[in-house]
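See below for the structure under consideration.
We just call them A, B, C, D and E in the order they show up, numbering each chain from 1.
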Amino acid sequence: MTATLEAPVPTAIDAAVRLTGVRKSFGHGTRAVTALDGIDLTVAPGEFVCLLGASGCGKTTVLNLIAKLDKPSAGSIELTTTRPAVMFQEAALMPWLTAARNIELPLRLAGVKRAERQAKTLELLELVRLGGVGDKRPHELSGGMRQRVALARALASAISGNGGKASSLLLMDEPFSALDAITRDVLQGELLRVWKATGTAVVFVTHDVREAVRLGQRVVLLSSKPGRVVQEWDVDGLSQTAESARIDEINARLREVISSHAAA
Amino acid sequence: MPQHETKLREDEAAVEAGLDALDTPTGTTRGAARRDLLRQVLAPIVALVAIVGLWQFLWSRAIWPEFQLPAPLAVWDQIQTLIDSGQVWEFLWVSVHRAVIGFLIALAVATPLGLLLAKVRLFRAAFGPLISGLQSLPSVAWVPAAVLWFGLTDATIYAVVLLGAVPSIANGLVAGIDQIPPILPRVGKVLGAGRIDNARFILLPAALPGYLAGMKQGWAFSWRSLMAAELIAQSPQLGFGLGQYLHNGMSLSDMSMVMAGIALIFFVGVGIELLLFRPLEKSVLKSRGLAGTH
Amino acid sequence: TRVESAQEPTTGPDKGPATELRLGFFPNVTHASALIGLEEGLFAKELGATRLVPTKFNDGSTEMSAFLGGSLDAGFIGSGPAINGFGKSDGKAVRLVAGGTSGGAQFVVSADITTAEDLAGKTVVTPGLGSTQDVALKKWLVEKGLTDKVEVTNRENPQTFDAFKKGEVQAAWLPEPWASRLVLDAGGKVLLDEKDLWTDGKFPTTVLLVRTQFLRDHPQTVKALLRGLLAANDFAKADGAGAKAAINKQLEALTGKGLAPPVIDRAFTTIALDPDPLAGTFPQLAKDAVTAGVAAKETELSGFVDLTALNEVLKAAGKPAADAAGLDKK
Amino acid sequence: MPQHETKLREDEAAVEAGLDALDTPTGTTRGAARRDLLRQVLAPIVALVAIVGLWQFLWSRAIWPEFQLPAPLAVWDQIQTLIDSGQVWEFLWVSVHRAVIGFLIALAVATPLGLLLAKVRLFRAAFGPLISGLQSLPSVAWVPAAVLWFGLTDATIYAVVLLGAVPSIANGLVAGIDQIPPILPRVGKVLGAGRIDNARFILLPAALPGYLAGMKQGWAFSWRSLMAAELIAQSPQLGFGLGQYLHNGMSLSDMSMVMAGIALIFFVGVGIELLLFRPLEKSVLKSRGLAGTH
Amino acid sequence: MTATLEAPVPTAIDAAVRLTGVRKSFGHGTRAVTALDGIDLTVAPGEFVCLLGASGCGKTTVLNLIAKLDKPSAGSIELTTTRPAVMFQEAALMPWLTAARNIELPLRLAGVKRAERQAKTLELLELVRLGGVGDKRPHELSGGMRQRVALARALASAISGNGGKASSLLLMDEPFSALDAITRDVLQGELLRVWKATGTAVVFVTHDVREAVRLGQRVVLLSSKPGRVVQEWDVDGLSQTAESARIDEINARLREVISSHAAA
């Protein structure tokens, strides 16, 4: 804990995550579905990558593979970071724990001391604008509130996972989908702040092109059936106008990809 | 037609509302809570009184001779005698403390066993069926073997109790774990829980409702096995419990004594349910929003 | 506030032979008459068109429950449960119509016990609370003044046998063939033969009960059953070896295994097959139950015995009548 | 330090991978399926063989006298004799068909009972504890009463079986329903399901995993109660089942016969588990994505 | 089904739904939370109303009350329509039924014949662009696919619920939140088509102001803690420019309401 912040040791690969020729099929025989086929994707340490794609194209599957929750059917996945922190598409809160205890859970698993844990939890609750509802159970929360608790938990996991050290990874699956515009704005800002402060790499799935461009340094578009990387855009440090042009461009391409799929 | 349909629907609604009203008396929060408690206590008593009333009625019609259906009062007299002589406390103490100890040991054995069964596929394939087979062996079958192996000691009794309760609790835990939404252990994994932490912080709490159900069945097995063991193995070393009392009633073909024994065993079962399992179950379900108000 | 019971056995007309006779017994040497009669078809022959349904029981109390529940018409049973059951049904459910076996119970102890006094501090086993042997032992202990010095427990006979063999138990009052097995297979010796406690050495071990209602409705069937019983006893008297073989065959069919020849030989010497129920001993037995502390008050036995049928059958066979000792009247 | 940690983590990962490999042999789909089947069948057999081997070893060391621990072969001989004489089929038929009928009746009674208990609060408050109390009454306690009431008929046996199995299955169903995510009955309600439709299309299928677990426990209760009931008596009306066979072994104090009886009862238990409950459970869990591969 | 479309019978109230002074509290004593307080809301037959509000303000609670899944703590709710069809915020699919059977369920409950049921189900699957995955179980679907199945089920329920007759009601809780922009566009179009064809009243919860304005005839903004109706806008038949002005206006008001709450 008292270790000084070290710069990430440059590896031979110099990538936080590298997927090479990854294929993933579900099921056997005739019922088999190939969700992903030939995914190549590299995320540099500290990079913020946004994944876009049609509903059902395989974005969640990519995150699961990176998090080692599933095994690829073919291809390889290399991770040089610490255990990634994941925010699932569903809130997936432990129904027997209060909101605060849910957030505390990763800290507890990481062996953080009680007092520190509680302080951190309170801080995170405030961050997701849920101060005061820490003692509520998941079933007493609204959908958006649950999503924010899940976000806080993922952030707690990200903090505890790297013990304050660099070269960590945060995987987020549509983290703001159930939030109103204002709360979303605030949380996007908070996320960027955390990202900048910790230098963690982020893979961020969203359906909102505007959000992707605003947050990400790079936007990756997946096709569907099977999922493949179709195109990538560098969206870092764009001016206001360039940003809105890029949004239109991506939107157009997205429409093209999705319609072609619908036609197929 | 729509008019008619609406009418029907309204009637239905009225009926349902009536049922609901029966179910959930409305009122102030405090009043509701008190009424809830009252219902918890009163309802089983009323049901019991009704059953005894029916019994008394059947008896008074003299449809069956006294030795087939003794009078409720005769049975009560038996119990009264036991209470007056203070013996009842001895019986209850001997049996209940044994059942509780046996149950706790069973719990301690069955929990790691259940976790292994649920989570190590090979172990489950190999031992799952054997454990279920073990569960279906009647206690009476074990008693003679256990007496032969352990003599007429408490070890015999505990062996019989464990052979019934352990598989039941373990199977309950397995069923509970099988029903956990798969996302929760996945969350545990990404949050950095190892095998032990996963069991402790995710699997066991997540499986708790199913586990509790298994524990209830396990308790029933413990208690039944204990009674079977006490019925068959009798000796001063073993003390004198409810099973032995029941056995004496049977040996003497004394129906009122048999019924008194059954009543005592039954009350212990009901008591454990009301004092232990019911509140546990309620709080577990309620804290998860599963209170089942509908 | 109970209405007058309609369960008084009705004294209707004789309904002729029954279609079915459900007969209870134990797979035990003390039930020799039943086993021989069944094996040799002697009951069936006498019963003719009445179908015989033999029902094997494992203990007297269950057999008594079957009687009380009306699912048994006649049955061989120990004298203890017989008295008990009669009392429990207020003298309504059953009647004693004949004797089965007398004798056949011994007090077996391990080698180091030679006198009654040696039993102090020991545990003695009997087959069941209120069983014939249980009552006999407890009464004996009272007479010897040992009641508080000796612990009496009940175990099933096979368990007692195993425990005796393992040395966990040093004394047991058991019926045949278990007394013989303890002596021959487990190194026990006889401290006391129950015979010696009774005048003439005769006491009822097994008797034949009939459900009162059945006796009223089908006296002919009961007589046929009794003729079968006499035939079985005559068979045993005439052909001892044949009788033992018959018993063993039944045991094998019923339980899967027969008895070793030495066991059955020895057991046979201790029992006597006698249709006389020795009614005169029953008041004593009822008293003993109170002395032994298994009954709170002495069972009122009047009306228990009904030897009308037996004496008719005996008379027809040219044998002397049996005495009901006054227990046949209310 | 980080280096070291990484090492540790890798080691752990290797261990886990090893365990996983044991758990889930990778390979082609067909191969995997075949291996899965093989494991289902082979694993319990291997486990059984190991247990018998241990037994043989213990016996060969002659630590206990033969009458306490008979040789596995002696027990096998007993079973062999039964098979040769064809008797074994009679025993099995008598006992198993009774247990199955009893279980089915219990299921038919317990299902509506469980639904009522789970969904009508007042009913639950009144009768829930009584049912649990009933469950904790040992079968042997009912035997004399059942004989008195129903006589020496199959009715007695079924009464004893039902008194054990019905509360167990009903409690299992209640536990299953209690664990249903509350959103599902709500969906049912808005989709227009009345009380009956709700039970049929939502509650029962949703509670199926818990219900199945309760059914397994209920089956164990049925089978155990049946064995206790079969000990009562033996007559042509009652047939000759495994319980009677076991009892004969006990009354002969013939350990090898007792063990043969236990083995047969055990195999029926294992067989029912492997042929009925295991596949049912697997398909139910799998179709809901609860196959528990982790 | 062959009945001719009738115009809704004008009732004395002439409202599909009328909430008057509705209050809703959860929990007892000190833990009590008042989610809604003094809600007055009327939805005319065939009207399309969009509900907007901060995360956790009580939108879902309003829908639950209208659907009679909860009882208000005070106030009254009148419904003149047939049983409302509801699409929940979670997909809430029956995990033991395939996608197709999930969609079929309301038809089955309504006693629709088998053949007709199946035809209808296929049609609805196509409508939500899930033709071909009808035989998949919920756990084999992606988040967005599940949401679309839930949508199809709600539409099936809406159709079966009124037996083709008018004066029905559809309650939808963020139905498109997990969908990509293109699929969402398509489904918004389909929803409007269905709405126009059946004349059903719709209460639609969303966080997307643009969506609310595009779809709705009226937009209702709820405040939070406790939920109250703050403002309503008529957004029917606006021109392109008027629409975007309205969007900005609503957004501004929303920001105001939510920040005031955050400050409180």
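Heads up, the rule we're going with is that a contact is a pair of C-beta atoms (placed from the backbone, for glycine too) under 8 Å apart; a residue touches a chain by one contact, two chains touch by 3 or more.
Keep in mind that what you see is a predicted model, and the values were worked out from it rather than measured.
*Asks:* Name the chain whose C-alpha centroid is farthest from the C-alpha centroid of subunit E.
*Replies:* C
*Asks:* Quick one: name the chains whose C-beta contact count is the highest of any pair.
*Replies:* B-D
*Asks:* Per the centroid of Cα atoms for each chain, what is the distance between subunit B and subunit D, given in Å?
*Replies:* 17
*Asks:* At what distance in angstrom does the C-alpha mean of subunit D lie from that of subunit C?
*Replies:* Between these chains, centre-to-centre, one finds 41 Å.
*Asks:* Using mean CA coordinates as chain centres, what's the subunit C-subunit E distance in Å?
*Replies:* The mean C-alpha positions of subunit C and subunit E differ by 82 Å.
*Asks:* Express in whole angstrom the distance between the two chain centres, defined as the mean CA positions of subunit D and subunit E.
*Replies:* 46
*Asks:* Going by the touch rule set out above, which residues of subunit B reach two or more other chains?
*Replies:* Expected reply: 64, 67-68, 144, 148, 182, 186, 189, 250, 253, 255, 289.
*Asks:* Going by the contact rule already set, what residues in subunit A reach two or more other chains?
*Replies:* Within subunit A, the residues that touch at least two other chains are 90, 139-140.
*Asks:* What positions in subunit C touch 2 or more of the other chains?
*Replies:* Answer for subunit C, listing residues that touch two or more other chains: 61, 65, 68-69, 156, 158-159, 162, 166.
*Asks:* Touching residues of subunit D toward subunit E in the complex: what are they?
*Replies:* Contacts found on subunit D: 183-184, 186-187, 189-193, 197, 201-202, 205-206, 208, 284, 287-289.
*Asks:* Would you pull the subunit C residues touching subunit B in the complex into a rising list?
*Replies:* Residues 1-7, 59, 61, 64-65, 68-69, 81, 84-85, 88-90, 92-93, 123, 128-131, 151, 153-156, 158-159, 162-163, 166, 168, 294-295.
*Asks:* Which positions of subunit D touch subunit C when the two form their complex?
*Replies:* So the residues of subunit D in touch with subunit C come to 67-68, 143-144, 147-153, 231-238, 245, 247-254, 257.
*Asks:* Which residues of subunit D touch subunit B in their complex?
*Replies:* Interface residues on subunit D, with respect to subunit B: 12, 16, 19, 22-24, 39-40, 43-44, 46-48, 51, 64, 67-69, 118-122, 125-130, 132-142, 144-145, 148-149, 164, 167-168, 171-172, 175, 177-182, 185-186, 189, 194-195, 209-210, 212-214, 216-217, 219-220, 223-225, 227-228, 231, 243, 246, 250, 253, 255, 258-259, 261-262, 265-270, 272-274, 277-278, 281, 285, 289-290, 292, 294.
*Asks:* Which residues of subunit A touch subunit E once you look at their complex with the stated criterion?
*Replies:* For subunit A paired with subunit E, touching residues are 26-27, 33, 52-56, 60, 89-90, 129, 140-145, 148, 173-174, 177-184, 207-209, 251, 254-255, 258-259, 262.
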